[in-house]
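Please find the structures below.
Two complexes come next, and they have one chain in common, chain A, joined by chain B in the first and chain C in the second.
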Partner chain A sequence: MHIPDGFLPLWQTGIYYIITIIALYFALNWAKENLDEKRVPLMAVLAAFIFAMQAMNIPIPWGTSGHMLGAALVAIVFGSPWAAVLVLAVVLTVQGFFFGDGGITALGANILDMGVIAGFTGFGVFKALQKLNLWVAIFLAGWASIFVASLAVAIELALAGTFPYDLGLIFMGLYHAVIGIAEGAITVVAILAIQKVRPDLLHWNKTKSGSEVGK
Partner chain B sequence: MKAKDKKFVIGGLIVAIIIAILAPFLASSDPDGLESAAEKILLVEETEPMFEAPLPDYLVPALGESPLGGAISIVIGTIIAFLAMVGLATTARWFKSNSNDS
Partner chain C sequence: MGITDTIYVIEKESMKESILHSLDGRIKLILLTFIIIYAVFSTQIIVLIALEAYLILLIYLSNISFKTALLRVLILLPFSIFIIAFQPFVHPGDIIYQFPFGINITYQGLIFGALLFSRILVTLTSVILLSSISPMQEVVQSFRKLGMPRDFSMILSLMIRFIFLFYDELKKITNAQTARNFNIFNKKTAYSWRLKQLGFTIMMMFLRSYERGESIYLSMLSRGYSDKSKLYYNLNKKIGTPEYIFIGMTLLIVVILQFLAIFFFPQLGLLGAHIT
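Let's turn to the complex of A and B:
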């Protein structure tokens, strides 16, 4: 759902850049306080994984495809949506500048949608449902993160006069409700994999025991 | 870096690079959700990108639209994303150690 150049008027891209820069300020402050020697490499591995996964478009019906965002994954692993903002900002910036995926003028909006909104939605759903069932919570966090982000894109494009409101929300919501199933499934598999090889890297294992597991 | 962290990084990077190599062979070339919606309901004219990216659309221009060029460019991107994340996260930590000194 990378917005290209030309879909948003420049003054609106400016507003999204300002919101994103404010979010990045908070995200960097979070990083300053919370990243330690082993969480820097964890974050970098997640950025590499998400970059590669975003190139893997999964077919859905209606001659359409989609890829995961990864924001919910990062937010859950690190126990903070700010981590998702940072990782997605890096991934989307690399995509925009090196691969022409997502417009440079729309980069602020793209980080807002796929980093901030997806990250906070995924983390919020995870927190709300965590106690009911951990893995269901993770799946639904992944699903909701991309679904809500796609609605945000539809609203931005409607405000810009690029998409009609109703059809924009319907098409974006419908496609990403389906792509969200893949997002949820990949989020579960990725966290299961980390849980298996390095449970101490998962935030909830850090907080649950007070000290770190497997040290 | 501790040995087990190094192992995790190497293992994680191998997984990411395998996905990157396979992506152009396995990925659907159908338009994504936003492109697909745009094909149906776009109210404005599509415009050219503001600047020409060095590897546009995850392809190496010299290799044309081959999955090989796709694999090469996605592997390059995966490594750039890894290094950029290390750089940004390390810079953030550097600010912390600096503010502690003062």
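Let's turn to the complex of A and C:
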């Protein structure tokens, strides 16, 4: 899903950079207000965790493989989409500048898709469905985060004139709708396991006990 | 070579010694990013061929392995190739070949695909060169000196230290799973069961990373860490003659290329034509 350099015209990448910088400003402010000085090492280990997690291949039913995004997972655990924006921004910067996975001029667009859009979609779906069924809400949050982000990539490529809307939405949407099932299932298993082993780390448990996030 | 191996290869290459390795980190970062921006800006294949030739010359000067650089480019190409391969079929233009079911190949699509491929090649070569001649911490420090917000650069700096640790942990987990005959792609076990195992692995990694983060935070606190602490030491050198030569050479090449791109290359036919 990482857009490489050269697929988006420079003026469009500039717009995505501006949106991303504004989002990062709010994400850094959220971290300052909610996580205290502990935020730096904590966010750093989480970014490294997401980075390593994205290196793990997930088998996809029709014989190919994909990898997790992790935006919904981070947003749900921390109880804020800004956590996903911050963590994914760091991960994508490292992937872009050191590994060539996603472009440097397209970095703003990639953070917008996989950090902002995936993080907010995942968290929004989770909040909307949380009261109906917690685990269904987590599954759909994971699924929707990757699915909606892939549609955003298809729209950006279409706006750039690189790939037509209809085919882009069909290919990207179908492929990520399937990967999304794995993303949703793994997000549920991971959060379920955290709930059993270290429930204190989950945001909703902290809220119940009245303590602050990350302390 | 997977991404797990790439991380060690990058670090090994960046520790080599050469004239390019010894340059100031900021200069390398700015100039190679500048080449990427110019490559994205350019719409003529010949300009991109010239930029790629310049980057190959820099790879030669930097003493890094051509084979490793090429392998890294090949690993990164698939997603781009998917989009590029569709261009002849989806880009509007003059039809040069017709398939059944209304599928056509267009001349403009073929040329546009070639332009995208040339761009990808130049931009990937630039990133691979940058990461091969600059240790990760040097790049992060260059970011900081160039104005990246303090918090963001500190998270970046710490994250890079943890990446190696987590890859080792991931390798340990996967080795333990392999020793027990676990294979995520083995279709003899139920798909849902395999996803569950992956979920547990991710949970284990998350807990290990979180707990590691907590203990590191406590040890940092006990060593005097505060919100205003600096987490890196000075890796940047003084800007001297080699840096000025590198700046001058790169700018001169881009200026000459742009001059030729306007006044000379369009007369060369396909290679020099502006492709949109």
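Convention: the second predicted complex is superposed on the first by the 195 of 215 C-alpha atoms of A that agree within 3 Å, B and C clash if a C-alpha of one lies under 4 Å from a C-alpha of the other, contacts with A are read in each partner's own complex, and residues count from 1 in each chain.
By definition in this document, a contact is a pair of C-beta atoms (placed from the backbone, for glycine too) under 8 Å apart; a residue touches a chain by one contact, two chains touch by 3 or more.
Predicted model, so just to flag it, every value in this text is computed and none were measured.
In the three-chain model built by superposing on chain A, chain B clashes with chain C.
Shared-chain residue A:68: touches chain C; no touch with chain B.
In the superposed pair of complexes, A:186 makes contact with chain C only, with no contact to chain B. Applying the stated contact rule after C-alpha superposition, one finds that A:105 touches each of chain B and chain C. In the superposition on chain A, A:33 contacts chain B only, with no contact to chain C. Applying the stated contact rule after C-alpha superposition, one finds that A:155 touches neither chain B nor chain C. In the superposition on chain A, A:19 makes contact with neither chain B nor chain C.
Of the two partner chains placed by the overlay, only chain B lies in contact with A:172; chain C stays clear of it. Shared contact residues on chain A (touching chain B in one structure, chain C in the other): 1-2, 4-7, 28, 31-32, 37-49, 51-53, 55-59, 65, 86, 90-91, 93-94, 96-101, 103-105, 162-164, 167, 197-198, 201.
By the touch criterion given at the top, residues 1-2, 4-7, 9-10, 13, 24, 28, 31-32, 37-49, 51-53, 55-59, 61, 65, 68, 73, 77, 86, 89-91, 93-94, 96-101, 103-105, 157, 162-164, 167, 182, 185-190, 192-194, 197-198, 201 of chain A touch chain C in their complex. Residues of chain A that touch chain B in their complex: 1-7, 28, 31-33, 35, 37-53, 55-60, 62-67, 86-87, 90-91, 93-101, 103-105, 150, 153-154, 161-164, 167-168, 171-172, 175-176, 179, 197-198, 201. Of all the residues in chain B, the ones that touch chain A in their complex are 1-2, 4-5, 8-9, 11-13, 15-17, 19-20, 22-24, 26-34, 36-38, 40-58, 70, 73-74, 76-86, 88-90, 92-93, 95-96, 99. Within the complex formed with chain A, the residues of chain C that make contact are 2-4, 6-7, 10, 33, 36-37, 39-41, 72-73, 76, 79-80, 83, 86, 90, 116, 119-120, 123-124, 127-128, 130-131, 136, 139, 149, 151-152, 154-163, 165-167, 169-170, 184-185, 191-192, 194-196, 198-203, 205-207, 209-210, 212-214, 216-217, 220, 225-227, 231.
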